[in-house]
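Heads up, the next two complexes both have chain A, just with different partners, chain B and then chain C.
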Partner chain A sequence: MLLQQLINGALASGIYALFAVGFTMIFGIMGVLNLAHADFAMVAAFTIIWAVSASSQPVLAVVLAVLMVAAVAVVLDLGIIRPSRRFQGQSQSDIELPLIGTIGAGMILQNIAALMFGNKAVVFSFQMREYMQWGGLYISKGLLLSAAVAVVLLVLLEVMVERTSFGRQIRAVAQNVNAARIMGINTNLVTLSTIVLTAMLAGIAGVLAGLSYGLVSPYMGGTYAIKGLVAMILGGVGSLRGAVLGSLVIGLTEALAVTYFGSQLRDSTVFLVLLAMLLLRPSGLFKSPGVG
Partner chain B sequence: MVASSPADMLLVRNLHVSYRTAEAVHGIDLRVRAGEAVAVVGSNGAGKSSTLRGIMGLASALADEISFQGGDLRRMPTYRIARLGLGFVPEGRELFPGLNVAEELLLGGRLLRGPQRRQKLDEVFALFPRLAERRKQICRTLSGGEQQMLALGRVLMSSPRLLLLDEPSLGLSPLLQDAVFGALRHLRDGGLAMLLVEQNVHRALALCERAYVLELGLITRAGPSGDVRADPQVQKAYLGG
Partner chain C sequence: MAFWITILLSAAIIAIVSLGLFLQIRSGQLNVGMAVFFGIGGYATSVLCLRFGWHPAVAIPASVVVGIVLGGLFSAITLNLHHWFFAVSTLTLSVAAVTGIGKIDFIGGALGLVGVPIVTAAWPIVLSLALAIAAAVWVDRSWLGLLVRATGDDQVLAQVFGVHVKRLRVAVFALGCGLAALAGALHAHRFGVFQPNDLGFHNSLLFFVVVIVGGKTHVAGPLLGTVFLFVLPELIHITAETELIVFGGLMVLVAVAFPAGLAGAIQGLLGRTGRLRRGLVS
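What follows is the complex of A and B.
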């Protein structure tokens, strides 16, 4: 029973990690807590539902979802995050303005989805809810696929950030934005690209969640936003590896909480772990200057 | 007022630099010609760093002209000014604390093609062998002198046409100042133009052919370094004469 729950928790943490790395990269590079970030999961999932119902072409649906997520991410940056960051350094609204802006953007996205598809959870277009049996354990094929996709994407992300010129530019902007400018780096383009890239990861996470659990809702981003944020803080803000490890801690904590305390206390236990971490090691598991 | 000439690389006319309500530079003119080393000297708070930051678009600047090789720099974002070939080495170095030496240099040379980038890296390592020894070391763990070498090396990686240097000797021991100024002399002899802002007037005038004296945001003297050095007021105020 315990092993079964631990495996479920570890597999589920793959989806959490795809959200957490986005939160940590955006905060690391811009100092902005983008609370609309997890809503890209919903945008991707509902674009696929809409496109499949309209055309029955899965490939076209995925392409449309990618384009929609990218377009919404561009609008979010150019329309809300960038204008609100212009006021940085001018008043105490430094942090609050982008924060409130992204909360508002998330609400708008949720309301549009609710208007188009209703307030309740709907069945996702593709399902992978079967289980495979392995040595007396039941493993969700959807969650296994989610974890595998997450591992591949997170490794690629790590390689991109650590080894490529674009990754060095992301780290440079995160560590010293003025120095990045005098090095000829178009910092606005780097931040925009980062928002689009991380929105894609959140979108993929939303599709994987739909595949694994079968249902998506306009408000699904809220749950994942909280888990992604907790994972970011547990891991250490700005640290990609920390975000992944934080996600694993959340997944395993949830599994243990369900086993020993019941599913009602699952989320509370995660927050107790967060509280303990903030008291014992406020900087999180990993310390990172900027993103890395 | 200075009139433009075809030999001018950088031309600045009536530059005002301000920070919110306070103006730090009150309408100055200066020029740097191709291959020329020019110093801006003055005491702390005279507006030297603000001048460079205004040219680079890092501080709010108003001017009748800020041009580089004929192109207007006013209202141009800093990253585009840098890409035109103005290599700025700021006061305090402004390195990326989490990058290592090689990463920092590669960032500077990222717009070069592979073989050119490798050649440039070799040139920088030849100029600063200390950086080659520490290529895997994280920048924040370098000594002050090594950080200054890296800040200069990083800019050289981008093959600048004009160096803007803000207090390169600041916080360095005399030995390390020798090393940094030795490298600057080497670059000047190679024909690289530079505009040097420096509190160490002795070193600045020894390196540069021409100099401007900046006092309270205004240029009070300008001319060949020898003339500026011989000026009794400069002697008294900056050279302990």
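What follows is the complex of A and C.
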């Protein structure tokens, strides 16, 4: 029983990791905590639901979802994050204005979805909720797929950040925005691209979650946001590997909590882990040179 | 008329919490989980009255003390965190608290507590609001307020100038949570019920939006925010469905154009003379 929970918890952490990586990258390169990030997942999931019910074509639905998520990400960056960053550096601790803006954006997205699809959970268009047997254990097929997809995406992401020119630009902007600009990097383009890229990761995560759990709701972003944020903090802000590791810790902790304390105390246990981490090692597991 | 009194009393309760939150945000502690401490106050007084038979007049102040102590504790634990990370920790606290409290049967489990003695008099609420305003004004306008703002603007720099940031943060956070607990207690005694949902994130968000939209730079901000966000919907009939869009839109507007919220916008309109006369530039 415990092993089964642990395995499923580890698999679920794949989905969390896709969010955590987004949070940590956005924070790393622009110092902004994007609380609307998890809502990209919701946008993707609901776009698919809408597209499938309107046209019954899965491929078209996926394409639309990708475009929709990218569009929302662009609007978020150009319309909200970039203007609110104008105020950064002035007095009155206005550095958290982008955070406030993203909270507002999240609320708007959630409410629009609720108006269009209703307040409650909706059945997702594609389901993969069956369990398969492996040895004596039951493993969720959907979570297995999610973890596999997540691993592939994360490896690709790591390769991109470490080995490609674009990745170098991202790291440069994360280390020092002004120096990057002086070196001729188009920092606005880099930040925009990063937001769109991580938004798509979140969108994929949303679809995977819909597959694995069968239900999506306009407010599903909330839980994933918290887990992604906690994973980011656990792993060390700005560090990709830290985010992945942090997600694994959360997945496993949740599995342990459910086994020993019952599913009600799952979130409280995550909170305790966060607190413990903050008390013992506030900077997280990995340090990253990119965050000031 | 009675309808308006009801609305205003509810608004007063929200204003009390918002004033506390305002002070916390001033000190750099972005508390997105204020409803938890609101809930602590409500639960404390409910438990004291229902399970221990205390009289509300004693239970309410006791709840404030509980709020102060627990708030101070939380702040002391999270001293390492600034701005965003503090916000994340309060967010996590908020989620954990709702599910955690629902598990404890002694305080009513998932259904909460009913039958809390109802206090119909309005004067406790009015008096509490007056106290909250007085406390906020005193903290904000005095030398203490300057220290708080310094800590909120740049904690390291404040330390360089000799500000005891740790003590200040804990004290301000505790005070804010005390106010929230007071409001929660009053709320419990007004409606006779208190549930885990009252600790929920949508309440925290409401308080947060009130302070941010009202303006986090001036004591009048939370009051303006309460009026704007609480009384206005009654006037122009924003439905519960579109409420989040309106609130979200206001938050975005504040982030993009009006960082100092309503209070700041009004200050801007009144021109520099107001600020010069007061001697404080915001």
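Everything that follows uses one rule, which is that the second predicted complex is superposed on the first by the 288 of 292 C-alpha atoms of A that agree within 3 Å, B and C clash if a C-alpha of one lies under 4 Å from a C-alpha of the other, contacts with A are read in each partner's own complex, and residues count from 1 in each chain.
One rule holds in what follows: contacts are C-beta pairs under 8 Å (C-beta built on N, C-alpha and C of every residue); 3 or more make two chains touch, one makes a residue touch a chain.
Since we're looking at a predicted model, the values are computed, not measured.
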Checklist entry - In the superposed arrangement, does A:Met107 touch chain B (first), chain C (second), both or neither? => result second
Next on the checklist: Looking at A:Leu33, would you say it contacts chain B, chain C, both, or neither? Reply first, second, both or neither.
Outcome noted: second
Checklist entry - According to the contact criterion defined above, which of chain B and chain C contacts more residues of chain A? => result C
Checklist entry - Which partner does A:Ile185 contact after superposing on A: first (chain B), second (chain C), both, neither? => result first
Next on the checklist: Identify the residues of chain A that lie in both the chain B contact region and the chain C contact region.
Outcome noted: none
Checklist entry - Contact residues on chain C for chain A in the complex? => result 28, 30, 32, 77-78, 80-81, 83-85, 87-89, 91-93, 95-97, 99-100, 102-103, 152-154, 201, 205, 208, 212, 216-217, 241-245, 247-257, 259-260, 282
Item to check | Complex contacts: residues of chain A adjacent to chain C | outcome: 27, 33, 79-80, 83-84, 87, 91-101, 103-108, 110-112, 114-115, 222-223, 226, 229-230, 233, 237, 262, 264-268, 270-272, 274-275, 278-279, 282
Checklist outcome for this item: So, in the complex, the side of chain A touching chain B is made of residues 165, 168-169, 171-172, 175-176, 178-187, 288-290, 292
Checklist entry - What does chain B use to touch chain A in their complex? => result 56, 58, 77-80, 82-83, 88, 90, 94-99, 103, 106-108, 110-111, 140, 154-155, 158
